[in-house]
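Per-chain residue numbering starts at 1, and chain names A, B, C, D, E and F are given in the order in which the chains are listed.
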Amino acid sequence: MPFVTIDVTREGVTRAQKQQLIAGVTQLITDVLNKDPQLTHVMINEVELDNWGVGGEQVSVLREQGITADKKS
Amino acid sequence: MPFVTIDVTREGVTRAQKQQLIAGVTQLITDVLNKDPQLTHVMINEVELDNWGVGGEQVSVLREQGITADKKS
Amino acid sequence: MPFVTIDVTREGVTRAQKQQLIAGVTQLITDVLNKDPQLTHVMINEVELDNWGVGGEQVSVLREQGITADKKS
Amino acid sequence: MPFVTIDVTREGVTRAQKQQLIAGVTQLITDVLNKDPQLTHVMINEVELDNWGVGGEQVSVLREQGITADKKS
Amino acid sequence: MPFVTIDVTREGVTRAQKQQLIAGVTQLITDVLNKDPQLTHVMINEVELDNWGVGGEQVSVLREQGITADKKS
Amino acid sequence: MPFVTIDVTREGVTRAQKQQLIAGVTQLITDVLNKDPQLTHVMINEVELDNWGVGGEQVSVLREQGITADKKS
């Protein structure tokens, strides 16, 4: 009966990426916890950049300053 | 002080249906837990079909395949 | 696919009351939204009285002051 | 690692008000719990008035009746 | 800035399994969304069997009836 | 009608600190959004260190390595 919620900033996540997240999380839970995937639900919650803050600052402001959440390459 | 969150796919839930859910959940909690209804809050969270998955598949894809969540009649 | 979360203070909710909440919410959603009950999940989250506040005050303090959340009779 | 979610009705909260909420909550957690603010995330979730209920009634209906959630002055 | 919540019934999930879930979800989000893993938080919420229901029935009752959530082998 | 959830690792948060968080958040919301404090609820959710991860690692492991979330002094 797992239920997974993914809160993420709304920055152009595509339908295909959402599908990869849903399939990947469900597979992970099946593999690790041996759960029937039909009982696993995944919900993606996209949040406006004005509505998320880190370090006391809005993400929209951080983005205007050129600060991203991208993986360091 | 109960707080109830109802996550549901965004598939045309009407204003009247939302009212029925809010009234019904509040009444249920008053009946079962004897809580003052003025302290019970209900929040309905409608989720895009691309953003919800079950069994590893997006609900939007399931709907395209004709698979619904309707009660079996 | 509804998922319902009930946050409630931990004040002796019995197993039977939880069952009534789970059955009642699921029935309500089936009636109002015509959803297959097998796809409806309900989660009850019991919260310590020190960890819930209303009006800026801990519920544990309110209870010590004789203030309850009971329905006015 | 605190994560703070603020659920609030969608009634014209401005970008500046959101910034004040994010900055204020993060400062409070830093002051009270001595947490590194870079590890504190704040998420504001704005909810349509039809989707929130209190006392068994939709907030949209309460507003039509002239009932607000404003602080009593 | 993703934040992932995994709600799961409390049925003996081990520390190692939790570590696999945390590492796996974080890697998935890094791979799919190219997010800096240091900004991804994962929270596992274990729920008592009396406090979770599916199909209108408590999971504790389902388990007593021999009904599990295990993957069909 | 704001509802605030504070997810935080379970690391000895005292009753007095919880009271400070509840009072402080409620005051902040009253000041910024002009909301009646009696309609603001705050819920603190303490999470075991094995159940929270950041950067793909359990917080319990990070703590064993001497890595804290304390504010840099």
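Methods note: contacts are C-beta pairs under 8 Å (C-beta built on N, C-alpha and C of every residue); 3 or more make two chains touch, one makes a residue touch a chain.
The structure displayed is predicted, hence computed values, not measured ones.
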Chains contacting each of chain A and chain F, listed by label: B, C, D, E
Contact-pair overlap exceeding half with A-B, pair selected from D-F, A-C or B-D: B-D
Chain centre separation (chain B, chain F; CA means) in Å: 28
Interchain centroid distance [CA atoms averaged], chain B/chain C, Å: 15
Chain centre separation (chain E, chain F; CA means) in Å: 21
Multi-chain contact residues (two or more partners), chain B: 1, 3, 7, 37, 41, 43, 52, 54
Chain-level touch network, classified as line, ring, star, complete or other: other
Contact pairs between chains, per stated definition: A-B, A-C, A-D, A-E, B-C, B-D, B-F, C-E, C-F, D-E, D-F, E-F
List of chain A residues in touch with chain E within their complex: 1-9, 13, 17, 20-21, 24-25, 28-30, 32-37, 39, 52, 54, 59, 69-72
Footprint of chain E on chain F - complex, ascending: 7, 47, 50-58, 60-61
List of chain F residues in touch with chain B within their complex: 1, 3, 41, 43
Touching residues on chain E, where the partner in the complex is chain F: 15, 18-19, 22-23, 25-27, 37-38, 40-46
